[in-house]
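Letters A, B, C and D name the chains as they come in the text, with residue numbers starting at 1 for each one.
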Amino acid sequence: MPAGCTRKGEKPNMQPILETSGLTKVFYRGSLLARDRIVAVDKVSFAMHRGEVFTLAGESGCGKTTVARMILGFEQPTAGEIIYAHNQEKWHPRVWFTQRIQAVFQNPFETFNPLRKVEGYLFETVRNYGLAKNRSDAVELINAKLEAVGLSYGEIEGRYPSEFSGGQLQRISIARSLLVDPSVLIADEPVSMVDASIRMSIVNLFKRLRNELNMGILYITHDLATAYYLGGQIAIMFRGNVMEMGPVQEVLMRPLHPYTKLLRESIPEADPAKRWRGRISIAETEQEEYLRAGCKFAGRCPMVMDICKVQAPETVAVEGVLVKCHLYTKPKEETKEVS
Amino acid sequence: MFIKNYLIPRLLQYFLVIFLGITIVFFIPRLAPTNPVERTIAEIRSRGTYLDPRFVQDMVDALTEMYGLSGSWLDQYKDFWVRLSKGDFGVSFFQFPTPVITLIKRALPWTVGLLFTTTVFSWVFGNIVGGMAGYAYNRRWSKALDLLVMLIRPIPYYVFALGLLILFGYVYRKFPIAGGATIGATPSFTLSYILDVLRHSALPAMSLAILGAASWFQTSKLIVQNVNAEDFVQYAQLGGVREGRIIFRYVIRNAMLPQITNLALSLGQILSGALITEIVFSYPGVGHLLYSAISTGDYNLIMGIISLSIVAITTLVLIVDLIYPLFDPRIRYK
Amino acid sequence: MAAGDVVLRADNLRAHYVLDVPGGQKTVRAVDGVSIAVRRNEIYGIAGESGCGKSTLMKALYAWINRPLRLVEGTVYYTKDGKEFDIYALSKQELRRLRWTFMAYVPQGAMSIFNPVIKIKETYRDFLSSHLKGKTVNEMFEMAKEHIDQLGLPLSILDAYPHQLSGGMRQRVAIALAALLHPSVIFADEPTTALDVVVQRGVVQLLKDIQESLHNTIILVTHDMGIHANIADRLAIMYAGKIIEEGATEEIFKNPLHPYTQFLINSLPQFGDTSERVSAPGQPPSLANLPLGCAFHPRCPMAMPICKERQPEATVSGEHQVACWLHAEGREAEHAAHS
Amino acid sequence: MAMSFGSTLKELFRDYRFAVAFILLCLLITLAVMSFFAPHDPTLWYTAPRDLPPSRQHILGTTSRGQDVFWQAAFAIRNSLIISAIAGIVSRVIAVAVGLVAGYQGGKSDRILMFITDGFLVIPLFLIIVMLAMLIRDKMNIFTTGLLLAVFGWAWDARVIRAQVLSLREREFTRTAILSGSRTLELVSKEYMPYITPLAFSTLINNMSWAIGMEMTLSIVGLTNMDIPTLGTMLKWALNYQAILMRRWNWVLTPVMLSVFLFIALYWMSVSISEYLDPRTRVQRVGVE
């Protein structure tokens, strides 16, 4: 059960469909007597709207999946709130929430139990949420949703997960989540394990769902190119912090934060004319970065200043983009580059 | 770091297991439908001994005192721990009035000697041979060995020991069938006495060692077949690393780790097996003592054997647990 | 191309997985008639999506055939010291000695390729002592140190256990270890997969450094076209167990001839371009059940009748080869003759 | 499951070990069933002449107590199987319950349950069983013996099941099921039971084997009801009458050999089934069908 489903002050129109405010997750590693405190998600606040893709991007271990798991109630937030737009009450059973927020997972081959027929999940969803009166209504509903993702009931009836390709399974998974007509769809790396030749067809499917069903899509990915393609808003996460957040066009084409810049430059572009030039250095100690007192990126930032190592920067707004970096909190003159 | 994360939790668990185990041992006879005193008297009667009713009450009182059953449960319980810490388990009933601890002390060297040598041998041998058989799982010798083990492994200690006893004690009279040494031989450090002891231990040791080795062989072979498929073994093969090096440093070395844990977890069973085997061969160890205690209804002796076994086994498990990080750097350097 | 320039040549290579299934056997034709020639001093990329047989091809080239994989047909020739030899004609011992000294392999999934209970330097020692004679342990550790230092990796990794290194570092150690004995050919199977983009870049950098200093051949398999664009000199596209197109990397990206290659390249989203990207229709075929004719014909929008009947042969125009009926010379005439 | 029961059996029979085990078990069960048609009450003495060697009338000879060895063996197998079945089934219920709760609930209940389980594994159970058996010696019958063994025979398998549930809980399909609105009970029965059931079954076989062996051991040390013919008591009577010394092999070896056959059959069956159930090959099989 996601904690703190409180109602926000009502704004009639552009009210966000889903908001997080100060969302924090602390994990403890080790035994009771000696444990490390790792802040996997550190005061993450964002808001997403219907008909919009909101991308959470970052490298592995940046906390993006933990955010998704907290929204879905698979993980309890240590602090902070998850606010669903029309939320009227303080507490809801999980079913209330999952009727409004659904999810698609990374590994299509793990999404369904290999020993069960895939149709079982579709019928269970229909039955558990009371979506149909009888079996033929259920089949009709299921078929409609499968057709929305380019499949049909006849193609999946009586078959096991191993009989489908990754792309097909991902479509079935999407169809299943659509059964409850959710307002928000969380897609956690939905194409990273799908065959390259059909990857874009799944991405296009999300695009279509966003337009046709006016859904909010929370797209979690490490792949900035598809994030760019999908448009909307993006938050770049690093070691539990949102480093930069704003419209995709701005953040990816004119990155402000040194980390976003590094990330953007490190993506190999499918064009032999745009080969990498110059060399990079890689820090190795993930643990150290989590425990760091100042800015988490200070260890490998090319623009690092003394203050970065001792004090975590505030988030500031620069031309409609939120950025968490001392470069933008201080007047330019004080910037002292260390190479 | 290591002490806090690894040592202290294990020590806590160690004392907790001993505490709970001993507590259970304390309460079982008290919760049972018949108490040991009644059982003992019934036992004596059933052997046809006539008991004068006048003496029965005296006897009940004496037995209650002897079994530590007088006073409230709490007093008994406290008293039980006090006596335990001094190694005092009361006096034996069937060898009255020898203290239980003396009997156990007398039997212990035989059991420890038998148990220690056979366990170490079977673990090492079973793991190495099982490891090699698992590495060469589709070779003929490996399959033949596997079939042999498949025939031995499922047989319980008692039946296997009896089988050996019949085969080598009666059909081919190769080894003595009972005792720890020839009756009347005086214990001494002479070659002939030592040979005599070894000859007497041959059958019990053989049955423990063969069964143990078969069991370790089987698990080791299974583990190795999984380790074989591990990327790091494949990688060493890809790299043309010499086969002997792969088998010992890559395969068996890694397969050993779960086997150390398995050893800790099966020590209790191994002890049970040794006790049973001693019964079959009338070997003068703790198992034989246990048998006498069961047949005579000697509760103090049984309580003593069980309490000591619990302490001994949990201590051994603790030791194995503490040694484990030496073999697994993933635990040593977190 | 000059024959003397070729270090590795495969002729009509077929390697199939033969699996026991209830009621018979199932054949997965992972490598099904591959002929390639790889030159000295080049990075040869092999691209294709998962399940196209590219990893199996690497194994077959490395003479690494374990059940249920079987070499069905074909030969692999290497040229060493000016002499060409058939690798499958070698004895087990000869093959073992050839490995790491003449050809080395970076397997997929470097997370788990190091023995977890020994230090990295011990792994170095095992690889060295199996191929070099008369070296003391200390000499071997010295060699390892020197080697690690040359490649710019931190010396501390030698005294570390594998679990103490990050995934990216383990991957780089695996690559470094492959270069240890200066082999003429290095096979690298998906060396960048599952790594974060910044780390990926470091891995590509290392591969380039090695190739430049050893002037040897690297055969690089990855599904990531961005990586190929960045590093490969020549590129082969694999589909359903066959090489369907091969040529200089620039040429392939500029002028892809096979419809599949076109889909593969054109479907990649690019920064600064939000135009619609279209995936190839349909699903990748199962290697256990390939369609007749060209394996791509069920998904090909330009399929002709002949595509369903006969497999196209590779046609060469200069350095650029393609196996497609669209580009077969005189195909009409040939088709007429056969029908 | 995609495979029907028939084709599963057919697949299993391709393993010679399963075939041998199956035939052996069938023969032993037939023997057990034959006890219902025995000419004499097995508890009565002197229903036949004493100490006869095998003959046409008494195909395995007779005992010193004047009983037919063959019919004694039939009863012994039957009772031993019943005891082991009670022990096996009851302990499976405990093991599955403990494993599921510990694995699925996690946290505190997991720690407490696993502490108890580990305790059961570490403590020499044989001794505890002996002590309990001594105290209820005159109440020992088929049922109580079975229950006594059941109480002590679940710990290892509870650990195995817990480990399985723990890994299943982390798999994505668990989350798919939750998002599909499944409650815990539905989740466990639909998602996890297909994995747990075969595990419970293959451990059942091993546990039965353990129970038969333990019953024999208890009988030998004289802690079971000697009037109920089991493999253990039958052997114990033979030993009591010095059958080894007198070389009455027909009497001693009958329970010994029958138990050996039983142990081998059960073990081979469990090995072969668990190989069949190995998840790596199993998913493949489901997929092919």
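Heads up, the rule we're going with is that a contact is a pair of C-beta atoms (placed from the backbone, for glycine too) under 8 Å apart; a residue touches a chain by one contact, two chains touch by 3 or more.
Keep in mind that what you see is a predicted model, and the values were worked out from it rather than measured.
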item	value
If a chain touches chain A and chain B alike, it appears here	C, D
Between B-C and A-C, the pair joined by more C-beta contacts	A-C
Separation of chain A from chain C, taking each centre as the mean of its C-alpha atoms, in whole Å	33
Rounded Å distance, chain B centre to chain C centre (Cα mean)	55
Separation of mean Cα positions, chain D and chain A [Å, integer]	51
Contacts with 2+ other chains: residues of chain B	none
Shared interface positions of chain D, touching two or more other chains	284
For chain C, residues contacting two or more additional chains	none
Residues of chain D that touch chain B when the two form their complex	17, 115, 118-119, 121-128, 130-132, 134-139, 156, 209-210, 212-214, 216-217, 220-223, 235, 244, 247, 252-253, 256, 259-260, 263-264, 266-268, 271
Touching residues (chain side chain A, partner chain C) in the complex	59-60, 165-168, 195-201, 203-204, 222, 224-226, 228-229, 231, 252-253, 262-264, 266-276, 279-280, 282, 284, 286
Touching residues on chain A, where the partner in the complex is chain D	72, 74, 94-95, 98-99, 102-103, 105-107, 110-116, 120-121, 124-125, 127-129, 160, 162-163, 173, 176-177
Chain D contact footprint on chain B (complex, rising order)	13, 16-17, 20-21, 24-25, 28-29, 32-34, 36, 39, 150-151, 153-159, 162-163, 165-166, 170, 264-265, 267-269, 271-272, 275-276, 279, 290-291, 294-295, 297, 302-303, 305-306, 309-310, 313-314, 317
Chain A-touching residues of chain D, taken from the complex the two chains share	1-2, 171-173, 175-182, 186, 190-191, 194-195, 282-284, 286-287
